[in-house]
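Note that chain A is present in both complexes that follow, paired respectively with chain B and with chain C.
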Partner chain A sequence: MNLFTPLSWNDSGFILNGILNTIYISVVAIVIGTILGLIVGFMRVEANKVVNLFLGSALDILRSVPLIIQLILFSTYIGALGHPMDPFMAGSIILSLYTMAFMSEVFRSGFESVPNTMRTAARSLGMTYWQTVRYIRIPIGMRAVFPSWLGVALSVIKDSALVSVIGYMELLRTSEQLISRTQQPLTILLGVGLFYFIISYPLSLYGKYVERKMSI
Partner chain B sequence: MENYVFHWNVVFKAFPQLLGGAFTTLHVSVLSMLVGIAIAVLLALGKMSHSKILVMASSSWIEIARNTPALFQIYMAYFGLGAFGINLSPYFAVFSALVFVNAGYLAETFRGGFQSIPKTQYSAAKSLGMTTFQVYRYVILPQMFRRIYHPMTNQFVWSILMSSLGILVGMNELSGETQRLQSVSFRTLEFFIVAAVMYFVITKFVLLTSSLIAKRIFKGDIA
Partner chain C sequence: MIQIRGVHKSFGDLEVLKGIDLDVEKGEVVSVIGGSGSGKSTLLYCINAIEPINGGEIIVDDINVHKKNTDQNKLREKLGMVFQQWNSFPHLTVLENAALAPQVVRGLSKKDAFEIAMKELEHVGLGDKFDEYPTRMSGGQQQRLAIARALAMEPSYMLFDEVTSALDPELVGEVLDTLRLLRDDGMTMICVTHEIAFAKEVSDKVAFFHEGLIEEIGSPNEVLENPKKERTQQFLSKVLH
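Right, the complex of A and B next:
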């Protein structure tokens, strides 16, 4: 006698919801993380030693504590404060900060890759400080680090799976629930793996292609 | 925070257990790293070989490892393999998932490191009368090691951090132990703060040691 309801087409809506949630939180984290990372990366290039030391150690904490611990700690802390947050909010805040920590390093090396002579040249053409940032340093520096940016973005998509631990219904948590109902772990997990692979693999190939093109 | 009172005493009492968990974390990361390096060498050689089957096999391992989440791989090892009648213990599930990923990432690192050394050096060393073994021992491998040293350190740190996913399959490494201890004491915040600090200390320790070793063996000129 089979006591479990097998996987059926009726579950497709549930799975689709999980897929959309994964994409949603990844996009939010990548966008916010990129914006914050750009600001922080710029600050790290321009700021003095004291600010840099402070920023550097804050980013260090974000990078050296496992994401899963950060997520649990943050959502518990918010709960202990007496204002529980819904999993999406808590997850996207931590995931964005985590992304920011990696993006800021990427952008910092991007800013550092722009030769000083270019800035001097731009200033001597009568550009203001912010104009050199806007028209010279960001476009040239960011282009150089695009492959690394893509690498970080891809790892964020993969790391977004961890938000499931605080209860966000993304793809992996969806599949986990389906597994406990249907008891068909292999089919479901292979599908999930395929989904991540289909998103991640073409982008990583594109990243390699851009890298090769730029190196010549 | 006015309603929450921190109770650190229970954490101090459980500290030996947390240290035990930290030891398991290091244990599984070191082992998965060693096995991962061995497999990565094979995969890198396979990908650079002339046999189509070997290239296909190693490329698919590498690409699957690099393009799927670590959590998925752990689930696959723990729940998925059950379909084949293979039931891994939590420790072994996390270990094999980490080995799988480490091998995939390191294979690309090794291949990149190997290919970054110009072929002309090989010919030059040969024309100086070195044997093939000597060429690799004195010319190719020392340079290659210098280039892959930092990526390898990063991969090791990554393994330590990702072994924390053991919490989800009930492994008794640092996070899993923290989870168990907080569930019997209800001091979630305290335990996870201590765990976070411990992870930070372990990672910093590993990075510091690795840079000291690098200074020692590369004598200052790091690639």
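Right, the complex of A and C next:
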């Protein structure tokens, strides 16, 4: 009896599910990471030294500890504390926080790129502090850092593969299971690599295009 | 009217305004001249409550500008201000630049805000630039946009802070023409300026600032043609040659 069965069209649903899960968790992390990053980035520009020192250290930890370690630590300890969490939930939380740590720096430099005089001009038109934030500082600052934002978002899509280590059935884990059944690692990993490339490359080209257009 | 009474202002240890008294009547054009560091720009920032003051008071119509419970955003609706740097909002078209504050601050509908913005833009000669982005325009055009943007709030007073200083020489004329237009409309204006000839032509009153005090004030003829104070004479002889 043959233990191994080759890759076949019957596996396409399984693979598609992996692809969708990868996209799903990436989108969740990018959306939540962007929203939190915007808030934290803004706080870093506006807050006093003490708050900034605290925020800065917390972000440094998130950025400096490898994502794979954060994932394993979090999902293991949350389970050990008696609150087991499903892999999607645990993965989303850590990946979102990790994304937030990078996004907050992107947005901070975006806010810093809006000259003070621009804010004064807006205030002199009678805008309140928050109106200035909403209509002037966010739109101008965000535009300036769009290419960097896209860069972070792209790396999140690729980093989402690491969530496989805590058992989330995204594309990489899906392919690992297929490999153990089919013993066709080369074909499968090439296919998976190609998928990430097809998603990432056009987006990074687009980012370069926007950057070029903005620099004119 | 704007009443400025004994205004003191310090930045740290540096006292920039040392007791300024100045009245600006409705419809009047007052030019403020003086060397750099004399406090003339700071005074504008204090009138607009962008900078707090350390003593005295400023009253615009019947609003006491620096009193604790004064709604400074409401106050700023009365006071249009244009700066040395034009500060166009780069993410908005010319029309949107001028319509933003009427929409957001005055709460006008988009249609009404655009209507006012169009009117003011046409007034300053930018009627053919509605859909242009300001970064594609010259400094002079952007400065006229800044004037239209302030006018779209339908202010009672306009404050001009060296609005031609950052412009290339060939662009100064178009901005000064716009200021003349406002004077002819009867707008009340305070112009901090280095353009002595312009001040002579448009002003009802000229104030010469020196080290945080008004050294000399009077009609353009008095202050610019026949200055009594030695410092005024020295300053004028420097800038006119």
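Definition applied: the second predicted complex is superposed on the first by the 213 of 216 C-alpha atoms of A that agree within 3 Å, B and C clash if a C-alpha of one lies under 4 Å from a C-alpha of the other, contacts with A are read in each partner's own complex, and residues count from 1 in each chain.
Here, a residue touches a chain if its C-beta (ideal position, glycine included) is under 8 Å from a C-beta of that chain, and two chains touch if they have at least 3 such contacts.
Keep in mind that this is a model prediction, so the values were computed, not measured.
Peer 1: Specify the outcome, clash or fit, for chain B and chain C once both structures are aligned onto chain A.
Peer 2: The answer is fit.
Peer 1: Quick one: classify A:Ser124 as touching chain B (first), chain C (second), both or neither.
Peer 2: In the superposition, A:Ser124 contacts chain C only.
Peer 1: What is the contact status of A:Pro139 with respect to chain B (first) and chain C (second): first, second, both, or neither?
Peer 2: In the superposition, A:Pro139 contacts chain C only.
Peer 1: Which partner reaches more residues of chain A, chain B or chain C?
Peer 2: Tallying touched residues of chain A, the top partner is B.
Peer 1: Using the touch definition from the top, say if A:Val210 reaches chain B (first), chain C (second), both or neither.
Peer 2: After superposing on A, A:Val210 lies clear of both chain B and chain C.
Peer 1: Quick one: is A:Val165 in contact with chain B, with chain C, with both, or with neither? Answer first, second, both or neither.
Peer 2: In the superposition, A:Val165 touches chain B alone.
Peer 1: For A:Met85, is the partner it touches chain B (first), chain C (second), both, or none of the two (neither)?
Peer 2: neither
Peer 1: By the touch definition at the top of the document, which applies to A:Val65: first (chain B), second (chain C), both, or neither?
Peer 2: It touches chain B, and chain C stays clear.
Peer 1: In whole Å, how close do chain B and chain C get at the C-alpha level once superposed?
Peer 2: Across the overlay, chain B reaches chain C at a minimum of 24 Å between C-alpha atoms.
Peer 1: Using the superposition described at the top, list the residues of chain A that contact chain B and also contact chain C.
Peer 2: Common to the two interfaces on chain A: nothing.
Peer 1: Which residues of chain A touch chain C in the complex?
Peer 2: Result: residues 115, 117-118, 120-128, 131, 135-136, 139-140, 143 of chain A touch chain C.
Peer 1: Would you mind writing out the residues of chain C in touch with chain A in their complex?
Peer 2: Spelled out, the residues of chain C in touch with chain A are 48, 50, 73-74, 76-77, 79-81, 83, 85, 87, 89-91, 100-101, 104-106, 146, 149-150, 153.
Peer 1: Under the definition above, what is the set of chain A residues touching chain B in their complex?
Peer 2: By the definition above, chain A touches chain B via 60-61, 64-70, 72-73, 76-77, 80-82, 154, 158-159, 161-162, 164-165, 172, 176, 179, 184-186, 189-190, 192-193, 196-197, 200-201, 204.
Peer 1: Give the list of chain B residues in touch with chain A in this complex.
Peer 2: Touching chain A: residues 1, 3-4, 63-64, 66-72, 75-76, 79-80, 82-84, 157, 161-162, 164-165, 167-168, 175, 178, 188-189, 192-193, 195-196, 199-200, 203-204 of chain B.
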